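Pasting a structure here, questions to come.
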Amino acid sequence: MTALGRFGGAVLDICRVVGALTLFCGAVLRALLPPRADRVETWRALHRVGVRSLPIVIVTAFFAGGIAAIQVSTYVTKFRAYEAVGWGFGFVTFRELGPLLVGLMFSGRVGAHNTAELGTMKVTEQIDALRILAIDPVHFLVLPRIVAMLVMMTLLNVIGNVFALGGGMLTAYAMVGVDPFVFWNSFTEYVMLADFINGLVKAAAFGLAIGIVSCSFGLEVRGGAPGVGRAVNSGVVVSAVSIFVLDYLITAILQ
Amino acid sequence: MSEPSTLGGLARELRAQIGDTIDVGRQAAWYLVRGRWDWPAIFAQAHEIGVRSVFFVIVCLGFLGAIINLQAGFQATRIIGDASLIGQQAMPLVVRLLGPTLTGMMVATRVGTGIAAEIGSMVVTEQVDALRMNRAPPAEYLVKPRLVACMVMVPALTTIGITAAFFAGMLVAAVGFGTNPGTYADFDVVVGLDLIEGMVKAAAYGVAIPIIAATAGLRARGGSEGVGEATTQAVVAASLAVIVLDFLISGAVFFLR
Amino acid sequence: MIRLEGVCKSFDGVEVLRDVSFAVPARGTLGLVGAGGAGKSLILKLLCGLVRPDRGRVWLGETELGPLSERELMGVRGRIGMIFQNYALFDYLTVADNIGFPLARMQRPAAEIAARVQTRLDQVHLPDIGPRYPRELSGGMKKRVCLARATVHDPPIMLCDDPTAGLDPVTTNRIFRLLKDLQAQNDATAIIVSHETAYLRPICDAIALLDRGRLVFAGPTEAALQHPEVRAFMEAGVRPAQAR
């Protein structure tokens, strides 16, 4: 293949993915009028998504806080502005690093699993079995999962913030010797609700995107077990791209 | 495979996984020194892992560069009313932290799932047993080419990613805040240590990601569900390893400064 | 030649093999039978060291497998030809490369490999499929390719896991004849797992019956056919109405 042909192929691939996602969003939106997500399934999905991702989010957030604290400490020691540690840390973690890392982790843990699960159901004809029972897979499988991911990603971001703060304080204390009280004061004084909300909006958007992408890729699986593997692979790739694009858009809009 | 649902369960699962990973890593290291060099396989993997990830890394890291400069620009205009220095604020952060680590997470996502799915499918269809029957130990035949390819390709992708972030950031700074590209591209702010830190991280991720993903694949059990589970495990474990390694290396470098 | 002594194996707390012992003399042929899930495939994997027993010992010739490391086992496995129950053909390699794989890993010259691969392809009556990929083949063809790969390096031990599962009678017959021919050609010792009891009887010197991980009987074919449980199992397939 020539370079031009390959480029054309890549562009077509992107158009195909965007087109399929748009159609899928259309189907999801239609199912929202009136909203008819299966209530029992939604509770189960919430529970499963939360349980699956809580430990990993806690660990990720803790280290993300530590990483942010190290970076901020580098600047702070250079300018001897110890009272700014909490502010710099909160700004970096709550707005960017926290939602981004937790979002990517969530996509790997919950999104990939969701694609694999729906994909397995698809290739083993369980989805067709639902249709025969006059159960709409969008109401029964897709909406509950999207709702669960949206809600849980938002909640997990709040929990993650707490653990990131802990990781940050601990690291700043252990490395630069910043007194946790100084850290806390600078944090509460300078970190504003806007920073917190900015991160929360991002987390919600990421959760929604991961839900839509992972369900869409799962339901479009073709070709047995290898097909499931391929779908998981493309699902996490597209989720990651959506996370970065949404992050950019929200950052630009929310100022 | 049972789902770890509590911290205790996760810890137990993690310990078994870490044990297996160390085992696979040790075998791969042995074959890296003593084993055969299957160049066609290494080049095929380098293409799959490196070349086919370029576009993905450029898109993600490009947006990241834009985001960082947007944040820095808004802060700078709000606090000091002048956004001309945002390149100098953002660049070191991109070079030593965000560039390598997010490239690493992207490789963990795209390449980690790929490696785990491929090796996992071979395990559940007994192809790995067939390899072991024929003097083709998985650590040499499957892991080594992927490891060598990643050791070369992750630093290369990181360089490409940082470049993409740099130019996307320059665009945002110029269009959004009127920063002069000449002022933006002030390379003096990136000291040698930043570059070394970034590349040490990239190299560490290049070693960790393929070994962790291959281990997840080799641990696959059962049919297509087993492969799916292995794939998920690979992304999560490899991404987590990237974050923890980042923490450790950043910490070490902080004390060196 | 092949010997198991008091072998036990559990997975996740479930005992899958309980105290299994039997032996196959050099050049002998053992037919291993039993219901699905009895542990037949597992025994073959224990014999090549792909799975290690929890308790008990396994010998191939004079070599005991237990103390060997994975690297040392690699050498021992070179003496075994294994036909996997589900083919286990490498799906990214052509048929010719699949069959030549054991020789390629022994770093034999390419010309020798090509010649021996073609000999085997002719022997399994599939002379032209060398350049094709496993996914393009039917089940019977895959089994025959698997047989060719397992024996291309003339192994003195052959382990065949259900070599005729799901095949029509003509192909089944052909595969059993091939097995015997290749075994005779190499003076090999063989264990054949199969549900085709009617075919098994004439080609085996001994029969072993496994029931849910426990060895019910192992001994010469004539003696085995006197054993009520073995006879019931062996004849169920042939005369289902009477065996009940």
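Order of writing sets the chain letters: A, B and C. Residues in each chain are counted from 1.
Everything that follows uses one rule, which is that contacts are C-beta pairs under 8 Å (C-beta built on N, C-alpha and C of every residue); 3 or more make two chains touch, one makes a residue touch a chain.
As the structure is a prediction and not an experimental result, all values here were calculated from the model.
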Graph class of chain-chain contacts, one of line, ring, star, complete, other: line
Centroid-based (C-alpha) most distant chain relative to subunit C: A
Where subunit A and subunit B are represented by their mean Cα positions, the distance between them in whole Å: 18
Separation of subunit A from subunit C, taking each centre as the mean of its C-alpha atoms, in whole Å: 49
Subunit B-subunit C separation of Cα centroids, rounded to whole Å: 43
Complex interface listing, subunit B residues touching subunit A: 3-7, 10, 55-56, 59-60, 63-64, 66-68, 70-71, 74-75, 93, 97, 101-102, 105-106, 108-110, 113-114, 117-118, 120-121, 124, 223-225, 227-229, 231-232, 235-236, 239-240, 243-244, 246-247, 250-251, 254-255, 257
Touch list for subunit B against partner subunit C, complex: 125-127, 129-130, 132-137
Touching residues on subunit A, where the partner in the complex is subunit B: 10, 51-52, 55-56, 58-60, 63-64, 66-67, 70-71, 73-74, 91, 95-96, 100-101, 104-105, 107-109, 112-113, 115-117, 119-120, 123, 171, 175, 224-226, 228-230, 232-233, 236-237, 240-241, 244-245, 247-248, 251-252, 255
In the complex with subunit B, residue positions of subunit C that touch it: 45, 48, 50, 70-71, 74-75, 77-78, 80, 82, 84-86, 88-91, 101-102, 105-106
